[in-house]
Amino acid sequence: MILSAANIGKRFEARWVLRDASLALDAGEVVLLAGKNGAGKTTLARILATLLEPDTGEIRFEGSALRGGRRDARRAIGFASHRPLLYLGLTPLENLTLFARLAGVSAPASRGAELLERLQMTPFARKPMERFSRGMVQRVSVARAFLGAPRLLLLDEPYAGLDDEGTAGVNALIQESKARGAATLVISHDRERLGALRTRLCVVDQGRVEAA
Amino acid sequence: MTLLTVALKDLQLHARDARFVATLFLFSASLVLILSVAFGPIFRNPAQEASATLWAALFFAGVLGLTRSLDLESESGGGDALRLTGADPYAVYLGKTIANVILLGGVFLLVLPIASVFFDVGNLKVLPGVLGVAALGVIGYAAWGTLFAAMARGLKARELLLSVLLFPSLVPLWIGAVKVTQALWAVGTADAVRDWIKVMVVSDILALALAAFLYELIQEASE
Amino acid sequence: MSVDLPRWTTGLGRALWAAALLMLAVSLWMILRAPVEAQMGIVQKIVYVHVPSAIVTLVAFGLTFAASIAYLTTRSWVWDAVAASACEVGLAFATVVMVTGPLWARSAWNTWWTWEPRLTTFLILWILYAGYHVVRASLHSSARRTVSSILGIVLFANLPIVWKSVEWWRGSLHPRNVTMTGEMRETLLVSMAAWFVFFAAAFLSRLRLEWAKEEDRGDTRVRHGAPGRVSA
Amino acid sequence: MILSAANIGKRFEARWVLRDASLALDAGEVVLLAGKNGAGKTTLARILATLLEPDTGEIRFEGSALRGGRRDARRAIGFASHRPLLYLGLTPLENLTLFARLAGVSAPASRGAELLERLQMTPFARKPMERFSRGMVQRVSVARAFLGAPRLLLLDEPYAGLDDEGTAGVNALIQESKARGAATLVISHDRERLGALRTRLCVVDQGRVEAA
Amino acid sequence: MTLLTVALKDLQLHARDARFVATLFLFSASLVLILSVAFGPIFRNPAQEASATLWAALFFAGVLGLTRSLDLESESGGGDALRLTGADPYAVYLGKTIANVILLGGVFLLVLPIASVFFDVGNLKVLPGVLGVAALGVIGYAAWGTLFAAMARGLKARELLLSVLLFPSLVPLWIGAVKVTQALWAVGTADAVRDWIKVMVVSDILALALAAFLYELIQEASE
């Protein structure tokens, strides 16, 4: 079991967005998480990524409790979300090299270049990202999540703004991590794009994660 | 390593925006202008006038510089991504502090000649002394500033909050800098205000030490 | 509008530079020969650089003003190029004033600087036009053109203030106008003429540079064989 | 012919993103515009919405030339894009009322409330938008485009982040404007979501708009 | 109509963000303190010291306030949406100017008593006069500020650039405000500095007139 989250609860002000949400991810699983707008998918993903503290519940990552401070856990988790999580003043290559280096990935620059190549972004690898189109930013943002060959992937709407080629590129990367034994959580409103990669479908509803 | 990477990244972001540096310079020049026009004719004491103006200009320019660094972190989530790399928070703090020291030091080096020419103070003999105070002042400013900037992260009206928080904590450092610079320019030695130098050193060390304990907590403070 | 760089400007540019160098040499020779002023001595010779660069600065910013209006009415990028070139060269001359002024003040008034109307207003002018270039550098394509023309117009409001500052405010230290006579005055006039030609040469070179940049883009356009206008 | 754009060219610095792009939209048409990431779809939409000046070419709206300054043309065009084009410090209702009032729509507040109801956002109509989820912001953003019952609709990835319910709501609104005789341009990477509403498919490729 | 709607919208956005308003006020108050510490009070000429401090504080606080208004417009494209409503640009400009006048006026009313108490100047008899100058100063500030803010839209390092352009352009207005306030506090009448009042009026009108011609162009300037 790579990740197990039990009875996660999170409230903003007085409103409980998540309540007793439980989810377990095994090696090689690719779980598609769906749910209505505002259901709490992004909130859950941010909690699992250690960016947000849950109010209740417990999360175990590879057997031990996951806390915001656990540096090696963070390095083993790849996360992409609605916000690009990049410095738009830098180029894609500079961004990926920076984050790879800080995460202790070996040969950071060539790892970054490799991922950009995989997502057809090589022609733009050395252009500042400020003026990139929506889909171009998204590709780099997803690439960031794969930098450290993570054992847990949390992809919050990875296909947002991507064309077919981009979608295929992302799916190929997911396929590889799956083959490597990583657990993957993909949040998407589109139930088709993940295709045959999907091993399970879950839905967030009324603050809980339900199998569907 | 982490430290250098972070410092370089910050400087790179600023350098990419070369206009930012030019603007910071022009801004400091207009601060000198406005403060001199406002307060100029009151004093018959150029050393005090010049050192007060110099440090006031540095102060305001610094707040804007810090805000800018902060915006670069939060505008598209780069700061969050930095956290997620699992890099040592204190090294991140030091890296950012170093970048800010270099930025503020640059502003100081630009404003110093302006102030010297406009107020006709200073000479090469006291220059090393002045640079020494400047180093103490700028390090303290950057150290406190980086700490508070991390707290102001995610708040609206950051620059305002930053200045409200920073002002009080920097007052001792700031009075020290003004007094010592003034003494150097007026009488050529800082012997009479030696205590203020101690105050500045203590303030610098305090900020760096507090950050060692608090920076990780601040960084992890989430909604 | 054609984007071809007019050929004749190449010749004109060379001629202007040649004339400028020649005239500067003549004026230098006259400056060396002109009588040394009784009170201030040799330092007073700064006047032959100080006054011409000050006048040229004002003329250059005036040109920016006129070209900015022309841009906003015609929307032809050429006027924008003229405004920007004049402004950049003007800023260089303003910097010369900012250097020669304090040098002179050091010996004339025994201080580098004083918060006196002419000096203060000129410093404001310098900062504002430096700001013009910073804004210009931060923007792209047509936004750059529109915004810098607007600045070229708005900032012009400062020129009369700088010019009249010596009359409007009492207690100004700075002389109201040229007081020299005879040989010194003639020397000043020749220097003035030399600096004007110098300005014209520098301005034209700068304009040609801007033009070439625009042409680069034009080339791209031609290569792909698209019709259409290039003026924004 | 509601809109006809001929030989639109747009360059950023030296790079031509659009070049001889031509597109005509007739009353009642719903055109789906696809194209790779970075093809220039958003740029084209911004030009048609008068937010960007083209470098070459001509656009005619209802027979007369479209210029940035033409106030009545702007009021007849509804535009939604990647950026929400809203004040996130206000509530959805305040936003819609504000823009409706400024655009001279009669009964601005009730028009805003009606659109929010249509997109199931009534429960959140009076909450500041700052903390909204991605899909919730998107719904309000799309609602803004429909405020003035526009005769030309330009929707740049309107489905981004929307769940099925949201997609259905947007499609119902498009259907209505179509029935009213409006021309609609929908930019999307997903060729299915627009469903049967689509009357034509175009693709942006190498700076041109091609029929597909 | 458009004018009121826009002004109300801006004020509503500020008011919603109570922290912003609170911080702005705190910031202005601490500015008065820091400037007093740096440049006085030496009470050689309290009227001048007080009025210079008062206006300098208002000045810096104003730049931050303007930057904030600007950020609200650009952060999620609200300003673009405003343009697309086809509303009259000059009415939009006036609406924004009015909102800024109210914001800056609030800051002035807060800083005025602090400066009065601190430097022991002013009395109720000259209060109407002081409020009159304040109105001229604040209107000019808002009018020029709103104009330049629109130009700075879309630029990085906005607040810096705003201060570089705005600071120098406001100097005449600013000197006028300082001189008139000082005269009122020192001798109870502004007769001696009547010319400066004219300067202020001209500056205000110039900004409003320039905007009538240029605001639409500025608003439509796009890449």
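The letters A, B, C, D and E name the chains in turn, as written, and every chain counts its residues from 1.
We adopt the following convention: contacts are C-beta pairs under 8 Å (C-beta built on N, C-alpha and C of every residue); 3 or more make two chains touch, one makes a residue touch a chain.
From a predicted model like this one, the values you see are computed outputs, not experimental measurements.
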{"item": "Chains touching both chain A and chain B", "value": "none"}
{"item": "By count of C-beta pairs in contact, the leading pair of chains", "value": "B-E"}
{"item": "Separation of mean Cα positions, chain D and chain C [Å, integer]", "value": "47"}
{"item": "Approximate Å spacing (C-alpha centroids) for the pair chain C, chain E", "value": "32"}
{"item": "Centre-of-Cα separation between chain D and chain A, whole angstrom", "value": "30"}
{"item": "Residues within chain B bordering two or more other chains", "value": "17, 19, 23, 26, 30, 33, 37, 41"}
{"item": "Multi-chain contact sites of chain D, meaning residues that touch two or more partners", "value": "12, 53"}
{"item": "Of all residues in chain C, the ones touching two or more other chains", "value": "120, 124, 127, 130-131, 134, 138, 140-142"}
{"item": "Contact pairs between chains, per stated definition", "value": "A-B, A-D, B-C, B-E, C-D, C-E, D-E"}
{"item": "Chain A contact footprint on chain D (complex, rising order)", "value": "12, 34-38, 42, 82, 124, 131-136, 138-139, 157, 160-166, 189-190"}
{"item": "In the complex with chain B, residue positions of chain A that touch it", "value": "12, 49-53, 68-75, 77, 79, 81, 83-90, 94, 98-99, 101-104, 128, 144"}
{"item": "Complex contacts: residues of chain E adjacent to chain D", "value": "2, 5-6, 9, 12-13, 16-17, 72, 75-78, 80-88, 216, 220, 222-223"}
{"item": "Chain B-facing residues of chain C, complex", "value": "102, 111-113, 115, 120, 123-124, 127, 130-131, 134, 137-138"}
{"item": "Touching residues (chain side chain B, partner chain E) in the complex", "value": "17, 19-20, 23-24, 26-27, 30-31, 33-35, 37-39, 41-43, 49, 52, 55-56, 59-60, 64, 67-68, 155-157, 159-161, 163-164, 167-168, 171, 174-175, 178"}
